[in-house]
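Just below is one structure, and these are the notes that go with it.
Per-chain residue numbering starts at 1, and chain names A, B, C and D are given in the order in which the chains are listed.
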Amino acid sequence: MSQRDEPAGSIYDLGYRRYDGPRLGRRHAMLSLYLFSLRGAFGLGRRTSSKIIPIAIAIIAATPAVIQLGVGAIVSSEHLHVIRPENYFNFIQIAVALFCAAVAPEVMGRDQRTRTLPLYFSRALLRSDYVLGKLAALWTALLFLTFVPQALLFLGNGMASSNSTGYWRDNWMDFPRIVASGALVAALFASLSLLVAAQTARRAYATVSVIALFVISSVISEVISGTAGGVWGQAAVLLTPFEVVRATILWVFQSNAESGSALAQADLPGYVFFAMLCAATAIAAWLVVRRYERIAV
Amino acid sequence: MNRAIVELTARQLLGQRRSLLLVVFALIPVGIALLYRFEGQQPNHVQWTANVLGARLIVGTLLPIAAVIFGTAALGSEFEDGTAVYLLSKPLSRSRVVLSKLLVAWLATGALVLASVLVAGAIAIRDIPDQGVLLGFAVAVAAGSLAYCSVFVLLSILTSRALITGLIYVFIWEGLMTALFSGTKVLSIRQYTIGVAKWLTTTSERTFAARLDGPEALALMVVMSILATWLAVRALARWEIGESG
Amino acid sequence: MPLLSTRELSKRYPGVTALDGLSIELEPGVIGLVGANGAGKSTLLKILLGLLAPTSGEATLLGYDVRRQGPELRQFVGYMPEHDCLPNDVSATEFVAHMAQINGLPRAAARERTAETLRHVGLFEERYREIRGYSTGMKQRVKLAQALVHDPRVMLLDEPTNGLDPAGREDMLDLVRRTGNEFGIAIIMASHLLGEIERVCDHLVVIDAGRLLRSAAIGEFTQRTQVLAVEIEGDAGPLAGRLAASGLRVKMEEHTVLIGIEAGQTPYDAIRDTVADLGLGLVRLEQRRQNLEDLFRTPEREDADVAAG
Amino acid sequence: MTATTERETATAGAPAPAPAIEAVSVSRWYGNVVAVNDVSFALGPGITGLLGPNGAGKSTLLHMLAGFLAPSAGSVRMFGETIWKNEALYRRIGLVPEREAIYPFLTGYEFVLLSARLHKLPDPEAAAARAIRIVDMGSAQDRAAAGYSKGMKQRIKIAAAIVHDPEVLLLDEPFNGADPRQRLHMMDMLREMAAAGRTIVFSSHILEEVERLAENVLVVVSGRLAASGDFRQIRKLMTDRPHTFTIRSSDDRRLASALVSDTAVFGVELGSDRLTVRAADFAAFAHAVAKVARGAGVSLFEVLPTDESLESVFSYLVKR
């Protein structure tokens, strides 16, 4: 082949080639699982029909922020804050619950339903890695509802303000609070809904069970609050994730509950709710790990 | 009815984890009634028992959830698991299969909810005259279970997503639409059940109100049950195996 | 280094012993794994894959201890389960690339190898479509691809032809054979179909009641027996009668006459002449081989059978 | 027995009893997709193997035979009666579905007993015990079916299907998941049942097994009936395909030249250690080969037909 005047032409071997490149192990496996599940949560790389519900719900969750920004732009008033960051959750709580019901079974039960679990567990991945990857994926997906719209709102408010620097100076503390509250809310909802979804391979049961968890806990909490007095009536608000989250957000923002609301009636110190949220998140996550450690595949 | 199918279905419905979950559900009204009894602040026990315990917790939540789970599982799980062929390839009419399945779903739902009503109600109402509230809800719940189950058994033959469809009916249609549009009450088993319960009590309208009159509610309930059962029998008689088997 | 080595490997469930002190040593190759249902075949596979922990004993695969070095070992293992294991709402490309990454391949390498592996298993245009629309044969190919994509050193295949029609079965067996012989990947393949094992494998392991029954090269299982089979068109009775009369030991099976050969006997010409004399149609004449199936029959072999008859 | 007398009175005067299974111009379509297209056949006692590539309409056909699907056109009859919506016929039919599902909470015995009770047998316990004995599941009959292996599930399903001693037995992929020993056992069992005069139809992808078990095959390709009957007879009908034999002998070269002159032979190829012969007429060659060899003074060590198996017949029918 060294001679130039030889006609150029080669036949290449299309046979099997070995792979000699790097093998990146558990951490990489976990990261891939996380990204794959996160994409799956929004139906990316899937047919259009699997994108509609999660993306529509995420849009609904961003709508209050968009409206506020729009109103701010037109009216151009510093003081017209219809939606305070500590109240944002009140507008989107149903969207968050529906998102969990629709997406958690997709994130968690799917591999059990399609019997893909043995493929994961026979690879360079531990069962606990699998669960943590899935938890992280749903948590991140929920941040698109609980954190991203508010962050945009915060930035938008600042930029729309006639005195941006003044706005940032006065309100900069809101940003870490938005981050913290968004992360906490997402953590509780992610771990609770995954715990429920992990109990069954059947998607319909999982969706229904997640909704049932939210609806029934709210009904019970509300009925008990309205029925019993004393410690029982006070503690009833701890039975529903919605009130726990609401109260934790208020605590993070050092704000108070509206008078007349269930939280105001309960009159418990904020750190109790924060502790409840952390405990519930941790216990739920631990239970999911435990379930997957034991599941036979 | 066929005794072998009845026994089989009873084991199917009662021997599983979801039945245990339902028993826990059924205990919730009892727990709340206990709380009410010892910590309650409401002055009118009959009013609380009828509206909060009866209409809201039991008829509004426990009854439809128990019925949708038992009703769709009785026959639906056979289609889902592929065991239906064992029943349908036997020399017995398909109407018997439907009726046997419905009977067990009804008995399971009815027994569970009835127990919850009677125990929770007896705790909440204390010793004052109860103006027929306990009896009213007991009878209404027994009848309501049948109406719900017949509809859900029908759904389980018509669609493989009967559970979801059933829950949409319960929560969206009965829960939301009926609250917004009063006219939809004629298609709400929850309203039939409350109507029948109210009919059997001697409470005043201010203590406990129903949207449908007693006779009207009962008639609608009977029509609904018979219609759903008849359609279920017809649907199973025409049932064909899916392409997947 | 042996491919697989187990020492006194046991797995007990309450009331059931799936593996009972199994000790095996296997060199790389295409290995068939056969055993009755419940004999411990799938338990062994699951232990090797880290899906199940043994009750006692040790197992090493590729020199890694399956218990203590699970994640490291499994980077080099491919597994094709018997059952459906594919999500149906993604494409083959997306799924196989994902599985490659789960096995530690960097993103770019995963993509490249996915394309190549799917071509190897014979999936072309359809690889961008959702798996839901695939035929059984295509799904089996995807299952094989995900087990092969990360270039494992050993592949564990559980009933790879399950649910395939005859043409699909032929294709799959061909793929398995090529993977083992051309690609140089060791294969352990469990199957109930002895014909398949015989066609694809070069070594056979038979497990029974959780113990090793036999482990040997395929050839040793299919040695020629001292029985000649003569199949003719029509009734075999007269032929059997004549041959018996000439002093041969014979046995009849529908259209076939079985003849036991004793040392020094060469009955070939006698058979030829008898067939010709009787004007029969000779369909088949062969020396019988030992049949893999005989392992699962009641102990008496055909030789003994004919000898007795 | 009542069913038999009813049928006899119904068909009184007819010379021959109706065949056990009869499909008359049966078609089935789903929307625009034709799954089964104008298929007719009649089956009597014995074992029939139902073959076809995946998606050829095998399951659809079997489901129509079982009365789980209505034909879109034509009719499926059992003992002269339509099977669709005719529950009474199930008294005479046993059915082994493909899906392995069994009620997980029942023991094997309870499952078979359920079947016996649903058939309203006079002594269901005895019938269940008998059926379990036939499939040899006695040792596992009191364990919950949830813990059964695939092969055990298949056997207990067969027991449930034969508990009422049916005249017709339909089995969808019965060997799926069975291990070699169970396969042998199941084959023997089906042979015995066929020998007792029952009509057995089973579908399978494993041609070696069909070849060994079925006297009769039905081959479905693209929804049409591509062939039916004894596969050896079917092979003989394929006149456009020469029959090939390989021969080992004491002198291949001499045998080759002797065979070339035989009218039955139209091609001979000499290999290193064997001879490949192509013949137009299978029977003529079979009758000639021993005589020709004797005439040439050559000993025959091995004569093997190479494409006479069901596998080769099947692949020919599918690719046609």
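As a working rule, a residue touches a chain if its C-beta (ideal position, glycine included) is under 8 Å from a C-beta of that chain, and two chains touch if they have at least 3 such contacts.
What you are looking at is a predicted structure, and each value in this text was computed from that prediction instead of being measured.
Participant: Using the touch definition from the top, what's the fewest steps needed to get from chain B to chain C?
Facilitator: 2
Participant: If you take the chains that touch chain A and keep only those that also touch chain D, what is left?
Facilitator: For chain A paired with chain D, the chains in contact with each are B, C, in label order.
Participant: Weigh B-D against C-D on C-beta contact pairs and write down the one with more.
Facilitator: C-D
Participant: Measuring between Cα centroids, what's the chain most distant from chain C?
Facilitator: The chain lying farthest from chain C is B.
Participant: Could you please state the distance in Å, as a whole number, between where the Cα atoms of chain A are centred and where those of chain C are centred?
Facilitator: Their C-alpha centroids are separated by 47 Å.
Participant: Averaged over CA atoms, how far is the centre of chain C from the centre of chain D? Could you give it in whole Å?
Facilitator: Centres of chain C and chain D (C-alpha means) sit 24 Å apart.
Participant: Would you mind pulling out the distance in Å between where the CA atoms of chain A average out and where those of chain B do?
Facilitator: 35
Participant: Could you tell me which residues belong to chain D and also touch two or more other chains?
Facilitator: none
Participant: Two-or-more-chain contact residues of chain C, please, as numbers and ranges.
Facilitator: Answer for chain C, listing residues that touch two or more other chains: there are none.
Participant: Classify the chain contact graph as line, ring, star, complete or other.
Facilitator: Basically the chains close up into a ring.
Participant: What chain-chain pairs meet the touch criterion?
Facilitator: According to the stated criterion, the contacting chain pairs are A-B, A-C, B-D, C-D.
Participant: For the complex, which residues does chain B have touching chain A?
Facilitator: 25, 28, 32, 35-36, 39-42, 48, 52, 56-57, 61, 65, 161, 163-164, 167, 171
Participant: Over in the complex, which chain C residues touch chain D? Could you list them?
Facilitator: 34-39, 135-137, 162-169, 192-195, 232-233, 266, 268-269, 271-273, 275-276, 279-287, 292-293, 295-297
Participant: For the complex, give me every residue of chain D touching chain B.
Facilitator: The touching residues are 30, 35, 59-60, 63, 66-70, 85, 87-91, 93, 95, 97-99, 101-103, 105-106, 114-115, 117-120, 160, 172.
Participant: If you look only at chain B, which of its residues touch chain D in the complex?
Facilitator: Spelled out, the residues of chain B in touch with chain D are 2-5, 8, 11-12, 15-16, 81-83, 85-94, 237, 240-241, 243, 245.
Participant: How about chain C: which of its residues touch chain A in the complex?
Facilitator: Residues 49-51, 70-72, 74-75, 77, 79, 81, 83-91, 94, 98-99, 101-106, 109, 113, 116, 120, 130, 146, 150-151, 182-183.
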